[in-house]
Each structure stands twice: as structure tokens, then as C-alpha cells.
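Reading through the C-alpha cells given below for one structure.
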Amino acid sequence: MKILYAGPEERGRYLQEHASPGVTVQARAPQSGPSTIESMVDEYEHIPGVIDVVKWGEANGYDAVLTSCFGDPGIDAMRELVKIPVLAPAETSMHVAAMIGHSFSIVTVLDNVVRPLKKLAKLYGVESKLASIRVLGVSVMMIRTEKDRVYPKAVEACRRCIEEDGADAIVMGCGSMSFYAKEIGEEVGVPVVNPLLVSLRAAEMLVGSGLTHSKRAYPVPPKIGGYPVAFEAAGGAR
Amino acid sequence: MKILYAGPEERGRYLQEHASPGVTVQARAPQSGPSTIESMVDEYEHIPGVIDVVKWGEANGYDAVLTSCFGDPGIDAMRELVKIPVLAPAETSMHVAAMIGHSFSIVTVLDNVVRPLKKLAKLYGVESKLASIRVLGVSVMMIRTEKDRVYPKAVEACRRCIEEDGADAIVMGCGSMSFYAKEIGEEVGVPVVNPLLVSLRAAEMLVGSGLTHSKRAYPVPPKIGGYPVAFEAAGGAR
Amino acid sequence: MKILYAGPEERGRYLQEHASPGVTVQARAPQSGPSTIESMVDEYEHIPGVIDVVKWGEANGYDAVLTSCFGDPGIDAMRELVKIPVLAPAETSMHVAAMIGHSFSIVTVLDNVVRPLKKLAKLYGVESKLASIRVLGVSVMMIRTEKDRVYPKAVEACRRCIEEDGADAIVMGCGSMSFYAKEIGEEVGVPVVNPLLVSLRAAEMLVGSGLTHSKRAYPVPPKIGGYPVAFEAAGGAR
Amino acid sequence: MKILYAGPEERGRYLQEHASPGVTVQARAPQSGPSTIESMVDEYEHIPGVIDVVKWGEANGYDAVLTSCFGDPGIDAMRELVKIPVLAPAETSMHVAAMIGHSFSIVTVLDNVVRPLKKLAKLYGVESKLASIRVLGVSVMMIRTEKDRVYPKAVEACRRCIEEDGADAIVMGCGSMSFYAKEIGEEVGVPVVNPLLVSLRAAEMLVGSGLTHSKRAYPVPPKIGGYPVAFEAAGGAR
Amino acid sequence: MKILYAGPEERGRYLQEHASPGVTVQARAPQSGPSTIESMVDEYEHIPGVIDVVKWGEANGYDAVLTSCFGDPGIDAMRELVKIPVLAPAETSMHVAAMIGHSFSIVTVLDNVVRPLKKLAKLYGVESKLASIRVLGVSVMMIRTEKDRVYPKAVEACRRCIEEDGADAIVMGCGSMSFYAKEIGEEVGVPVVNPLLVSLRAAEMLVGSGLTHSKRAYPVPPKIGGYPVAFEAAGGAR
Amino acid sequence: MKILYAGPEERGRYLQEHASPGVTVQARAPQSGPSTIESMVDEYEHIPGVIDVVKWGEANGYDAVLTSCFGDPGIDAMRELVKIPVLAPAETSMHVAAMIGHSFSIVTVLDNVVRPLKKLAKLYGVESKLASIRVLGVSVMMIRTEKDRVYPKAVEACRRCIEEDGADAIVMGCGSMSFYAKEIGEEVGVPVVNPLLVSLRAAEMLVGSGLTHSKRAYPVPPKIGGYPVAFEAAGGAR
């Protein structure tokens, strides 16, 4: 099984180290887009580069592609364009968190991303399981470069999700926080979902089960796949 | 009041004709993007050109901007970037339809856009009022060029929305179908929302009421507006 | 365009001053009902007088009628009786607030009206966007006569809606608080919806778009419009 | 236990015959209002007369009052005015139907009342259990006077609720259909709720359990009970 | 009317004292299962003994059976096996609480049972009316043996449900707390539902109205009642 | 990684053949319970035997246990008793189906199991993604022994889920239908989830990601783990 990660090399190496036996993980960073993703403006600028990586992955025989940004930008378009599974970290993490408890919280970087994450929970149909979203008030860059200051805040935020908001599990709501997950989980005593790792393992699950995203859900764009030849009879209700 | 329409000239002229006294409408088509929008791939390609128009509008003293595509692509990013209202046709039409009946249906072009429209209804919070979405099985281009064949199908689809799905009102779910609205409304006997016209009138309503989109909902991206200077105390729950 | 306001003269003058060019606003207060509306008992006593104003408005060539009480009492009956739009302040304000942010709060007078307002949010289908309702603990009369004491409380309540409840926008939940809206909005930095003004502008929007309330949603009462002549075939499911 | 029925004598006698041992039922018809209730206009005209009966009932030592119209008009106002339970047929029937199956349907008279009944299901919080509403297309009067023609249609409608809509139980959605309930239940093989009878029995249940409607939910109107003496501290969130 | 209570003698006597005239209540405790029920493990061990009591009740001419554990374990299986109503305390109490206010809270013993009770509220379709669940942090046994210490805590918990969570009514969320209900209700000023008593009165209501649980909802198991003889035509949608 | 399957040998061998490299799967059938599970009565009888297998699995060093019945009976109790993940087929299949499309349908055996499966979808929080449940009207035994007659019906049912109900993916709603999944998927052109296989792969995903079910969600029963030593301060709201 060959899996492509649409992000930087060092995360690709981390994924390879944590992959199941027999699974090869390769990384390929998008050639365009912003350095970090902290707004909807950033998200849309990020999409074209990732679309190229996804198409390249399918063309080069990969079995699945993992996207890297926790806002899951553009995954619907990517799934329209390829047949292999395209795994997105927020969608995967939320469903896995929903499977291991009655409710979960997300801990993330900035207030900016709270409303977009709530929207994702709604779209993915797991809104009733989302206990809360808490933010650390730090940039994505600080997550990476100032762990000493940021990590204790993350632990405290997780504790409040559990005690005050009733969360059974926590999702690290930013790709860069993936590397905090294991340590925090041991400290706070509930499962903490690492979006990077769980995307890989969920990709293995889908490929290993012979599953991919439904073309009913993500149809080939008509400009590429063609238009229906005849009128439908006035259109069935959806 | 000066309103900018992010679409083609001829629609701008139509809007000017239907504007309130004292309102000037100007059109400015995006300089990039696909000719028609019929998939999520098309939607994302459409965004950058419209962002440019929206920023240009604010810089040139317009009071509001109207986007043209019924999928409402990128409106969250646009609202992050400007302070004037950015009106989107699906969002506006759905709320107006929700105001004039207990439930509404959307009649649109292709099966491809059904799921994205359902998602929008969910995000806009009016999902419980959406009776159904029916499709005509035609391309956006045919709406414009083959009205003879398409129009009767649209009438039939609207009738089925009313009789079978219980719709109190209908939304024309494609910018190009705006021009069918008045005629169909007279034929089927329920209000039919013209997304183009209602976007203009809703823009007038917001500007006239001194309202615009909340910066809490659409905050300035931190790369532009700056990062918070200090940590929040472990993050309030949202 | 001629619009009738079913309330006192001085508010009619305020509306005329804030109307679009070419719009005439006239006021006609109900001839019966309680002086202020602070309970469901008050609401039902208020209805017959407003019904008379609405019917008078249609008979005298008005294009739309605006009701005045924020509890929206009796609007379904009024819409059954006329063909012109009957705009209600809570319904209109909630939909407009839902359009300009992801969530909104209502600030209102007394605890008594909290549950009825929650019910309205549920009926109007915008419940998922209602962040909170906060009350000032004052009578409707005090809003009008003791602004010095009431206004600072209103500002504080709005601030808590924003900071603690996550509201992106605020609705002034009482007709008499309409006159606080502009000032508070400037003070708290989010859009504050003035129900009186937004009802007028929404009426202009509907009339200008050729829309009115659906007769499917608000059918003519059979005692007036007649009964169906034949049995339905066992009744379709709704 | 003494129970007052706010409707005609002959129904009062029916209720007395079906009451538990030791329960006295008396009828007192409202002195004003329309002869039958088939629209929201009718509903509001019906309220003042019933309010008088409810107040009379409390003043004359009754333990509970039953209202008669299946649209449950004005019950919130009535509960504001008295301390004894005021039982409404739709509310009671829907909760009882929800207790005996996973879903229920309502069979009623005219299309007019479908939307109002859907609203009630939403307000009462049992919307997720409502499978469908089916109408017979007959006036309330025909229910009473043309049973030969109406009854077979009612059976057919109930069958379709069960077979096509998945209803586990049926509610007779009109006071006048109460007298069909037993016979239809035997014919279609699922429980059929008689709103008249079940209101009586639910009143006995509440009184016998020492329960009544919460004054938190239905507070005494401030014009009667007095206004709060002091400001609340900026208003708690609800 | 003869009603069987599937629990200990002394509660049976309490029920007999509080039954309507003409109603006989008998108790029959399950012959197996744990002494108290404080986890899902306990719940499943409790079921077989209660099933035996329910079947014995039907075989011996009882008109209804009341189960005793507030977690309502196994009621779906019991209803599959008999035709008489099987009343469960949580289901009954939640629907009755939903009838007498806009929202209710549950006060119960241990954190363990909070999530299972939330699930029940969801399954019974009254989730939107559940304001909160508060726990006392005591074992079921302490409820019975240490009322002096437990009772004041229960009052305080109820007060917080009312003041902080907005509950209009309270449900005693444990069979053993039934005996606190009346006293607490007088102290806190909102209706407090006694699950034991209300189950009895609801059983009287159902039997007196000629109603029982729908066999559509709780069909006879095919191993007992037989399998369908023929294939359905590819299966209707449910 | 060692995984235990709580079901028959031959399915254990199937799972071993489809496991990832390095994963050992062992089967251990419950020593008690009914031969097939087709009602809630069957489900509760099935639980004690599976609990024994689950506890045996943890005691013997397995990393996860898979249960076999698609009704997911007793999983909450099992998770209370062990620390390793206990994977249930319906819960896992529904979340995986929700990940690969916007909506999914379940195709299953008998009408009896439809309502219980709907309840599971509600409890698992994926109800908004469930398009429909269709039944074949056959016993579990026929699935295994009469594939010739049953398989074409299953294909037809899947087609109707896709065409009429709008399903993007299908879940085989019975353990015995797992072996139809691959073939049907190829025939109907949407992903068809094999609950047996996907449970295995999801177990690998959880174990490989260092995750298990939250003890907050499934706490150790107090009779085993001990009671809280002190009162909580009047109980936090949940």
C-alpha cells in the first residue's frame, strides 16, 4: 500500500515511522499557497497546490492521499477529480473521536478558526457530539517553535474541555498540534486524537477495506466527465 | 447608495433597472475563473477573481457587493477582507424564502450541485425549512440558450415541489434561472424567489439599516490584521 | 410604494424619515389592546386590533403592513386574511441577524418573554443560530422613560452576549429598544439589529422583489374562501 | 377530583362516562368564538371565551380544565392566569402517542391545519417522532354529520400512515374525530389516540400525581403579578 | 384495574396507597439481578428477572406492568413479549415533565448514569426539552439510608437546575429519590416529578384510554411469532 | 497486534485472511445466547456470553475485541469492563459510511430490526446522514443458506437506496451480509461497507493510533471500581 501525504517532508518521515507494516508513505508538499493557514483567505489560497498533489498522487499509483490542513480546504473538489480516497484530518479525527466517546472537544490555535471548525462539525454530521472548541490564542508558528510556553496551555485547555464541557475525548485541532497528542493524552487521562496519525491509519482502513469516497457524493465535474444527454423527467426530489 | 455586482454587464443593467430610486448598480466581471460553475472544482477556481472584484469595490466606494454564483463560493473569505456587506445569492434567497413560507424548495440545473446546496442550507441554519431540491438535468448554458425546452421543465419541477414536497415557496437555484422567476411565479401560484433581484434588494436593506456582516463572524485574517499579543487564559469554550 | 405601520404616530414619523426615496410610510395604531405587551395574555388581547389595521391597509391600497410587537402575535391569522406582505419584527430581525453572522443573541425586557421568544426562534427555523437571550429586568415602559438607567444595562448585556455567549450580532428584542440600536452598535462593535427599521427595509425588499407571503403557508380560511368541493383521495402525507 | 371541560354538554357527558371512579366531569362551553375552528383566524377568535371558562373553573374549585380545540389555541395565556393544570388535546395526544411507539401520525380534517399542527409538534419537542400528517379534505362539520362518507376515508388515511409513513400509532387530529378512535384502532391494528379521552385521563394523572404546569414556564403576567423591583445584573443568559 | 409493579413490596404498598379508586397494585420483585443499578453492566444483569415478572403479569391478568429502574433497561424486549402496557419510569417521567414546562432537568445519583440518561432523552425524542442533568455524587443506597445528608444536596441541585440551567420542572432521576419529590417540590417552587407515582398514574391513563404499546414499534420476535412467508419486493424505505 | 473476534471460527479465518501484515486474528464464539439475533429479546440474551469473551480477551493479551451482531448489543457494558477497544459493527460501519459520502443507507434482514437500527444511528450521532433503511424480508439464516434467492433482492434494494433515497454509500446491515458486500459494490457502483471487515480495519486503526474508548464515556462500574468518597458540591450541570 502506497500513501501520499500532501505536506512537508519531515511529517512524511513521521508518518512512515508510524505506518503499518507493508505501507509506504511519501510526502509531497504543495508548490503554492500560504506558509500557515489561519483564515478562510488562507484556506482558499491553499487549495490549488493541494489539488495538483492529489492528481499527481493518483497518476503515480498511490492508493490514497492525506491532506494536511485541519480546515480540510477543498476536499470536495479533490474527491471530484480522483477515484482514490482523499483523507482530510478534521473529518477523520471528528469521526474517530465520535467513535470512542459520547462527545469530544477540539483544542486549536486562534479564535479565527473556531467558526469554520463548527461549520465542519455540522457538515460532517457529528455536531451533536461536539462538546466545545477551545483556543490557545497562539499562531500556528508558535505551536511549532514555542512548545515550552504553548504546551502547558494546551494541557490546561484540554482539562477544561473534560471537566467543564463534558468531553470524553479531545481532538488536536491543528496539524502542528499532532505532535502534542500522545503526551497530553497521558497527562489528562482521556483519548487525544492525533489528526496526522489517525488520517494515515484511516487511509489504511479504507484501502484495506476496498472502500473509497462515493462518486455519487463527489461526481466528476461535467466539464470533465460530460453532461447528461437527456433531460430528467422534471427532476426527482432530493 | 452604490452597489457593485461581481458579474457580467447585462445582468448589471438588469439590476440597475430594478433598483430602488437613488441606487446605482455597477457590474464588474471577475477577470479569471470558469465560464460556468457546475462543480466544486469550478467553484474554487471562481473565487480568486471575485475576491479581486470585492476588494476593488470597497476601495472604490461601493456600499455593498453582490456575488453572482448560486453556490456562494468564497463568501467567508471575502467578508474577512472587507467591511462592506458582501451579499451571496443562495444565502439571501434561502433566508427570504424562509421568511415568506414555512418551507421552500430549490429548483436547479444538475445533480452535481444538489449536495453542495444541501450543505449550504445546513450551514445557513435554514435546513429545517428546505422541503426539497429538484434538478432539471441541464447545463447552465442551456438555461440561457434553450429556454423553449428548459422552461416547461422548470414549471413542472416547481409544481412537483409544491404538490409532492409541500413547498410554500420556490427558489431559482442558479443565477441564470433568475430570469424565469417572475413568469414561473405567475404560473404556479406561489412566490418564486429571483436570487439576482433579491440579492440587490437585500443589499439595499442592509445598507439602509446601517448593517453589515459581523467581524466576529468574519474576522480580519491575522496575517493582515495581526496576531493576538498575549495568550488567552487556556481558552474560553465556544 | 406605500407602507402601513400598525403602531403609534411617532414611530410612523421615524420610519418615514428612514425610508428609501419614493416610499411613503403611514402609521395607524390599533384601536384596542393593552398599552404594552409583556405576557402571552397581553399578546392575544393585542391581536384583534392589529387584524383590523392590516385589513384596512390592504383595502386602502398599501403595499405592505408592519406589525409593532416583538412577540409577533397573530401574524399567521393576518397573513391568512390579506395578500400583501405582513412583516413582523421578530421574524424579520432574526432572519436578518442570521444573514450577517453565524449566531445572534436577543436582548429584551423581562424574563416573561424569554420562553415565547425561544419558541419563535424554533418556529422560524433559526434556532441553531440563536446564541442566547438576555433580559434587562425592566418593564417596556422603563425602556422608554428611563433610558439613563436602562441603556448602560443594555450595553452590558450586549457585551456579555458577545463575550460569553459567542454572539456575532445582537437583536434588540422589543420594539421600544429599536431606538437604542444604533448607539449600542457603535459601542459594542458588532451589528445591532433595529427591529423597527429592519422591518421597514425588509418590506421594501419584498415589495421591490415582487414577493409576498405564500398562500400555501397562510391559506384563506375556509369560512371565507370556501371548502374543498370533493374528498381528497385519503390524504397525501405532509 | 373535579374536572371542567371547556366545550359542549354532550362531550362533557361522554367524558363523565369514561372518567375514573371518583372523578366528576362538568362541561361549560365558551360563550363566544366561532362554531368550528378551521384556520388561525378561527383559533384567535376562540381564545377569549375559553380564557373565561378556565378562570371560572379555577374560581369554582375545579382541579383541572380541559380545552377542546385540537389546535391548542391560547393555552400559554391560560396557564399564565391560573394555577390548576390546563390540558390541551394536541399536546397531550402527541406526548401520549410518543410514549407508545417510536413514531406517530396525525389524521385531520383540512389542509389548512397541517402547518399549524407541524408547528405544534415542533414546539412540544416531539417533532422527531412525527411520521406524517394526513388530511381528509372535509370540514369539521362533515366529521360530525357525514360519518358514513368520512369514516372509510379516515380508515384509509390511517392505513397509509402505517404502511407508507411508518407510523406506530395514530392521533385523531380533531376533537370531532375523537369518536372514531376506538373503531379505527380495532380496524387498523395500531393504537389510535382519542384526544378527548386522553386529555381527561392525563388530567387525572397530573392531579393524582400532585403536578401542574410550571409557573416558570407560564409566569403570572406582570400587569397582574407585579414587575421585578430591581434591575437584574445585566441579565443572565437563557 | 390491576397493575403489577416489578419491584419490592414496600414500594408496592406505597403505590397502592396512591392509586386511583378501583385500582389494585401488586408488587413482585425480580428473582435475579443486582441489588442496585449504577452502571450499564448492572442494567443488563437486571433485565432477565424483570422479563420474567412482566410475562408473569400478563399471564396472571394484570392490565399493565411498571418497571422500577430509572435507566429503563430492557423495556423494548419486554414490550416485544407482551400486549399489555409496560411503563418505564424515565420514559414516563420525561414525557410528563415535557408536558408541564418548556424544559426540565434530571437530578440523579452518580456521574456514571449521566450519559445513559442523555441517551434515553435522545431516544425518547425529548432531548430538546432536557435543560441539564445534575448528580449528587452518592450511591443509590445512600439515597435510602442517609436522607439527612443527601436531601439538602438534592434541594441545592434542584435550585441550580432552575436558576442556572433554566429548568421549568425537575425529574427525580432514580427510583429511590421518588420519595423526595413532594417535599422538594414544595421547597423549590417548581413541579418535581416522582417517577414511581407518575408511572402508576400513566399506566392508569393508558389502560383507561384503551391504549397500549404499538406492536409496530415492538413486534413479536420472529422466533416466537414466525417469519414472513414471502420476500418483500426489495424492501420499502423506512 | 492481536485481535479477538467474538464470533464463529470461520469468520475468524476470513478476518485473518483480510488482516494487515503483522496482525493476528483469533475467534472465540460466545458460549451462550441465541443462534441468530432478530429481535431485542435475542439481543439481550446475547450479551452475557459476549461479555465473557471480551473479558477473556483482555485477560489474554488481545489488543482489541470485535463483536459480531449488527445490533451492537451491550457494547456500553463491555467498554465499562475493559480498557482495550471493543469495536461494534454497526457503530463502526455507520461512521465509516458517513466518512465516504454525504449520506448512506442500510440494507438488512427483517422489519423487526429497522427501529432498533434507527435508534443506533441516533445514538451514534450520524442520524442526519442516514438516508434510509431497507429490508429484504428474510431471516438471518436465509442470508447464509439461500444466497441465490436473496442476493438479487439485496442488489435491487441497494439500487433503490441509491436512486430513490439518495444514498451515496450502503451498509450491509447484518453480519451475515458481510460476504455480499464486495460483489454488490461492484454491481451497484457505490461503496458498500462490509461491517465485519471494516470492524477489523477500524480496530487496527485505533490500536495503531494508540486510541481506545474513553473511560469518561464508559466508566468502571462503581460496584467494581468503587464509589466517590465525598459528595460533589450539589452536582455540576451536564
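Order of writing sets the chain letters: A, B, C, D, E and F. Residues in each chain are counted from 1.
What we mean here is this: contacts are C-beta pairs under 8 Å (C-beta built on N, C-alpha and C of every residue); 3 or more make two chains touch, one makes a residue touch a chain.
These figures come from a predicted structure and were not determined experimentally.
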Field: Reference interface D-E: repeating pair among B-C, A-B or E-F with over half of contacts shared
entry: B-C
Task: Work out the mean Cα position per chain and let me know which chain is farthest from chain F.
output: C
- prompt: What whole-number Å value describes the gap between the mean CA coordinates of chain B and chain E?
  reply: 50
Message: Roughly how far is chain B from chain D, centre to centre by C-alpha average, rounded to an integer in Å?
response: 42
- request: Find every residue in chain C that makes contact with two or more other chains and list them.
  value: 102, 115, 118-119, 217, 236, 238
Field: Complex contacts: residues of chain F adjacent to chain E
entry: 34, 38-44, 47-48, 51, 74, 76-77, 80-81, 105, 107, 110-112, 114-116, 118-119, 122-123, 132-139, 149, 153, 156-157, 160-161, 164-165, 217-219, 221-224, 227-228, 230-232, 234-238
Chain F-facing residues of chain A, complex: 18, 20-22, 85, 91-92, 95-96, 98-103, 124-129, 162, 166-169, 182, 185, 189-191, 193-194, 197-198, 201-202, 204-206, 208-217, 236, 238
